[in-house]
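Each chain carries a letter (A, B, C and D) given by its place in the written order, and its residues are counted from 1.
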Amino acid sequence: MAGSTLGTLLSITTWGESHGKAIGVVLDGCPAGLPLKEEDIQIYLNRRKPGQSRFTTPRKEADAVQILSGVFDGRTTGTPISLMIPNTSQRSKDYRELAECYRPGHADYTYDCKYGFRDYTGGGRSSGRETIGRVAAGAIAAKILSRLQITVTAYTRSIGPVSIDYDRFDLSQMEQNAVNMPDAVSAGLAEAHLDACREQQDSCGGVVECVIQGLPAGIGEPCFDKLNANLAKAICSIGAVKGFEIGDGFEASRSFGSQNNDAFYRTTDGTIAKKTNHAGGVLGGISDGSDLIFRAAFKPTPSISAPQKTVNKSGDDITLSVKGRHDPIIVPRAVVVVECMAALTVLDLLLVSMSSRLDRIENFFTTL
Amino acid sequence: MAGSTLGTLLSITTWGESHGKAIGVVLDGCPAGLPLKEEDIQIYLNRRKPGQSRFTTPRKEADAVQILSGVFDGRTTGTPISLMIPNTSQRSKDYRELAECYRPGHADYTYDCKYGFRDYTGGGRSSGRETIGRVAAGAIAAKILSRLQITVTAYTRSIGPVSIDYDRFDLSQMEQNAVNMPDAVSAGLAEAHLDACREQQDSCGGVVECVIQGLPAGIGEPCFDKLNANLAKAICSIGAVKGFEIGDGFEASRSFGSQNNDAFYRTTDGTIAKKTNHAGGVLGGISDGSDLIFRAAFKPTPSISAPQKTVNKSGDDITLSVKGRHDPIIVPRAVVVVECMAALTVLDLLLVSMSSRLDRIENFFTTL
Amino acid sequence: MAGSTLGTLLSITTWGESHGKAIGVVLDGCPAGLPLKEEDIQIYLNRRKPGQSRFTTPRKEADAVQILSGVFDGRTTGTPISLMIPNTSQRSKDYRELAECYRPGHADYTYDCKYGFRDYTGGGRSSGRETIGRVAAGAIAAKILSRLQITVTAYTRSIGPVSIDYDRFDLSQMEQNAVNMPDAVSAGLAEAHLDACREQQDSCGGVVECVIQGLPAGIGEPCFDKLNANLAKAICSIGAVKGFEIGDGFEASRSFGSQNNDAFYRTTDGTIAKKTNHAGGVLGGISDGSDLIFRAAFKPTPSISAPQKTVNKSGDDITLSVKGRHDPIIVPRAVVVVECMAALTVLDLLLVSMSSRLDRIENFFTTL
Amino acid sequence: MAGSTLGTLLSITTWGESHGKAIGVVLDGCPAGLPLKEEDIQIYLNRRKPGQSRFTTPRKEADAVQILSGVFDGRTTGTPISLMIPNTSQRSKDYRELAECYRPGHADYTYDCKYGFRDYTGGGRSSGRETIGRVAAGAIAAKILSRLQITVTAYTRSIGPVSIDYDRFDLSQMEQNAVNMPDAVSAGLAEAHLDACREQQDSCGGVVECVIQGLPAGIGEPCFDKLNANLAKAICSIGAVKGFEIGDGFEASRSFGSQNNDAFYRTTDGTIAKKTNHAGGVLGGISDGSDLIFRAAFKPTPSISAPQKTVNKSGDDITLSVKGRHDPIIVPRAVVVVECMAALTVLDLLLVSMSSRLDRIENFFTTL
């Protein structure tokens, strides 16, 4: 695969540039029989749409999805689902002056090195708009997971130095604030931090956390396709992500075995569970029946209005002040992207896991 | 691929259990014409061998590699290179009592859930010995990279709370201490921390850092096969890794755009470079010509001698005291594993990148 | 990959149903820098369009391609090229009566078995219109190959019992007749055969032959990705293909080693060549510098107007007379499909072959 | 994947050269819980062993398989199964004189073109011994299929001009003659033809036919991973295969729709079946519940004792008389190779098909 396709049984292939005609995705391997309407997908796309708060670009983009294939009489047919989202708000002249310049923190220079030239309008393929395809496909994966009583929930864990307090954790707060934080107090502090950033013509980073509940034990492959390894790739392939951790993550590197090990016990209904969850729901790369918990670190938005020194294609020193419409923080809109990449990854490995035991395979085909 | 194969053009397929007959790997897609002897590989395997310091298991394992295919007259032929390392030091009776028990922090429970039963001797497939195949193949990738003036160097960055001080950074120190730290003073502190752990019958975690130098700009694919995404998967697929970050990583989430952006400038020889390297050598998923820098967080060794509460297969409460021969810290021996997974990942994407520009392809075939 | 994606470095992902909104393809891994316009692709699509002779369905379909991504300022950017061809001539009511019925020779029954239901309009995903995406992507591959002086040429070799005579072989004749035969006399006989078929409300099969010239020696991988094996898969994945052969093919099974072996000799310019080409241009799965020659056997169009006995979903006996607009022969329009699948396969393996020798890799990166 | 790995969920990676230390294969994705002993595999390997009749090389090779991983307490564990077959009968000096020479019909020249040099002993990687790994892995696939009441049976259909007569078809005859033909009379004629070939120091080709019974309808993916397409690739990747056809194959190209279409009918037990099977068990790339039938055309053994003209590496004309120990016909020993590649391909797609319907997935996870 040439790098724009991801997944073993359930795969996505994304395409499209920020200011091209459209952005899209092909979801292949989606099981047949799922009721699916454009609204199911649109709800997810709306969560990443700009223009929803003072911290996102004021661009107005419809980002309206069209289902082009793979659905018939309201249900998925098992064949590839092609989803297209036309680009409607391109203002390419805003960017024309950037054609010759290498913006710090952006992929302008590396694309030129790799390809010899680039689509410089709106960041081209390296734009955050590339994630639209991921969200559109992920919405379908999330709907299937919900049919299996599996939920994927992401939220903003921190913005700059402001982290949520788990004593105040309240998911219902998430949609009440502009930063998608499940903690009203921290959200207020984060918004103040962001206002200060904007005043400085600056931007800041943050962390998204994601929890997957209801996942049965036994999902994930033991070697390279560990559940956490595939999640790491899926999440780190999101443009601005600079780090990934599962369970206690980097904190585990400062812990002791006696603390970090999660003791098993028998629950009142006779099943086996863990008393703690430092592991984040995965042991040996395979889900253990606990909540799966991971985090993604996002760098600050590289486009800032404050003047920056850099060079142009010819190597001349220039001072750049990125105009255009940019979010001072990527995180709130990235929450749904993380959720969708997680849903796609988990569903793919869940389908793969169906073939791990001969007795279950025999039972499957016997009862057809 | 069923999960034990990794890579697009250069791929590895690993196999083997801790106490089986042997451990091995097939490296496919290795270019023809590389001079290769078993010693080239053995040097790397020796770096992960146990028994080299007081902090590693006193087991003595030869871990001697045999090249079974793909090399003729001392050079690689371009066909699959099969490498086998016989297991010589199995003491399966040490583990027999663990057959029925679910050790905290281990994959015993999840393997049983997934497969219905498991090879319980020495951890079976989930043992750290699985990394032997990765190191054997990675040694070959590293040799090829060195032919292209690319070096991959990993070292211990921290053990528990003890981190290296970059003011004292000295790579030559790495082999002078038992913890593979490039800083003699920190190494001393880390060793003291480890001695304390062992006294408590406990274990601790740590962080490995890896630097890749000489990588040309333009390596990595723009979407899912971003250089950092493929590295994240390769590294997170190593057994005890709980986190991955590139460049400033999680620290970037607490930074500002004005700080985190790396300014481009023209060097004295006319090329373009970056003044800082917060990005860690990758922009938009593609190498930017700077050093590539990433870190991996390792959890504490789950096998500890201190008694732990857990359950057995039937769900009965038991108290477990893991006997056998275990390292109180995984990190020093994992350094070479990280290095090798990085080498394999980078070389694979480097080969893929050869086909990114039509002019270079035309030139390639014209000059055959 | 879930089955709608093909290729290692250059991959295609096709989507779309016969009577859905559109048909499309994503071509990933296309090298950057190729001048590309919609006309380049349209020329190929026009060759498979219906309504061009009395032997193709009188449906009028524009089959006009739109480039949605991956091209900027008239050149490919190296990122995924999304191509969409809107469906404009759906007359779904023609097919409504077929919803409950299992047409002989069609995939109605197998899709129902696999997916539980199906898009019955116009054959849905199993329609010949699925090949539009293949042709659109293949046109781009063919254009790149032509830049490397490699040409891919397919033509009708036989229709029913009428085969071309190589003594009269004249490629320029191909576009002069309704059956794409490079032999005017045979074309006349074939057309008479087809007229008789139509009179009987019947259909017939045929063979497409394809020749690839200019391919350097050394393309193809030695084991499963043999040049002929990948071609076999690509060609046999075309809906109505029932057989594939390379070089002398099935005839070789009746030959002797002394006849079938192609002797090597030194040409006047000092290079090595073969005196004959029974092998069809491939030895050990790798191109040998001779013309690559293969053939594909197409079954008769399964949709015929003559009444046929079959059953409906409930298992009731019915008599079916397929109405609608169908070609009495698939072959003439399939010629360009074969050509395009061959171009995609050969180009993919050609790109892969760039990494087979270390000396060439070193040279590639040294001269960047 | 770099070309030595095949399969989506169940994959094989083969390695090894004819005169290297060993030949082997890694089977990944094999479901857990299958009872497996080395004898299960050895039975299949013995069927391809040389020295069993006067038409196979008199070399004596033990070809004894060793299971190195993936089996514990007599059952498969779900982790990679590594199988190794040591090479014991290398007589490399027989071949030394061939090092400089390009044998007609062999891959000597193409390997040199691709890799710059080659392992010339015994054909190296291009030797027929490469199929040992395929057979070893295929034996396991066949055992799993038999647990699902699916049988894969291959036999010699023709040798040179001598084809079996289906009126005399008797599978039990297959092991009674030296050519694996299920027809005693034809076997006699074929043996006479082979004796004549040998007298002429010549060789001949033939056709293997394979029947798969018990396969449920619904196996195979609709686009590129059609059951017949994946079979075509698997079969055409066997060294000497020059053609593949399914059902009526090339004969279908000379047929009419009214003949070639297989009518559906309701069987006495109420299921739906086909009255004929021109399709060979596959419609739209998906199994239809009928027997799956395909054929593979093998070229004559290229190594013949009769003198042949060719060139050496320097381009000098030479006359070659291939000494050493070679079969005058490949087909009888290839029968089991075809069977094994078919078993691997079918089982892989059967596992993939488990995820095609949401209702079945829901049922699978509900009943865990």
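Following the convention adopted for this analysis, a contact is a pair of C-beta atoms (placed from the backbone, for glycine too) under 8 Å apart; a residue touches a chain by one contact, two chains touch by 3 or more.
A quick note: this is a predicted structure, and the numbers were derived from the prediction, not measured.
*Asks:* Going only between touching chains, how few steps reach chain D from chain A?
*Replies:* Step count on the best path from chain A to chain D: 1.
*Asks:* From the C-alpha centres, identify the chain that is farthest from chain A.
*Replies:* Taking each chain's C-alpha mean as its centre, the farthest from chain A is D.
*Asks:* Indicate the whole-number Å distance between the mean C-alpha point of chain A and the mean C-alpha point of chain C.
*Replies:* Centres of chain A and chain C (C-alpha means) sit 38 Å apart.
*Asks:* Roughly how far is chain A from chain B, centre to centre by C-alpha average, rounded to an integer in Å?
*Replies:* Result: the chain centres lie 26 Å from each other.
*Asks:* Could you tell me the distance, in whole angstrom, between the mean C-alpha positions of chain B and chain C?
*Replies:* Their C-alpha centroids are separated by 44 Å.
*Asks:* Chain B: which residues touch two or more other chains?
*Replies:* Where chain B meets two or more other chains at a single residue, that happens at 1-5, 8-10, 14, 29, 32-33, 78-80, 114-116, 125, 216, 222-223, 352, 356-357, 359.
*Asks:* Can you list the residues on chain B that touch chain D in the complex?
*Replies:* Residues 1-5, 7-11, 13-17, 20-24, 26, 28-29, 32-33, 66, 68-70, 72-73, 75, 77-82, 84, 114-119, 121, 124-125 of chain B touch chain D in their complex.
*Asks:* Report the residues of chain A in contact with chain D in the complex, numbered from low to high.
*Replies:* 8-10, 29, 31-34, 76, 78-80, 144, 147-148, 216, 222-223, 350-352, 354-365, 368
*Asks:* Name, in rising order, each residue of chain B that touches chain A in their complex.
*Replies:* 1-6, 8, 14, 102, 104-107, 109-111, 113-116, 125-126, 130, 158, 160-161, 197, 200, 202-207, 216-226, 228-237, 239, 241-250, 252-266, 270-272, 278-280, 282-289, 297-304, 306, 308-311, 315-317, 352-353, 356-357, 359
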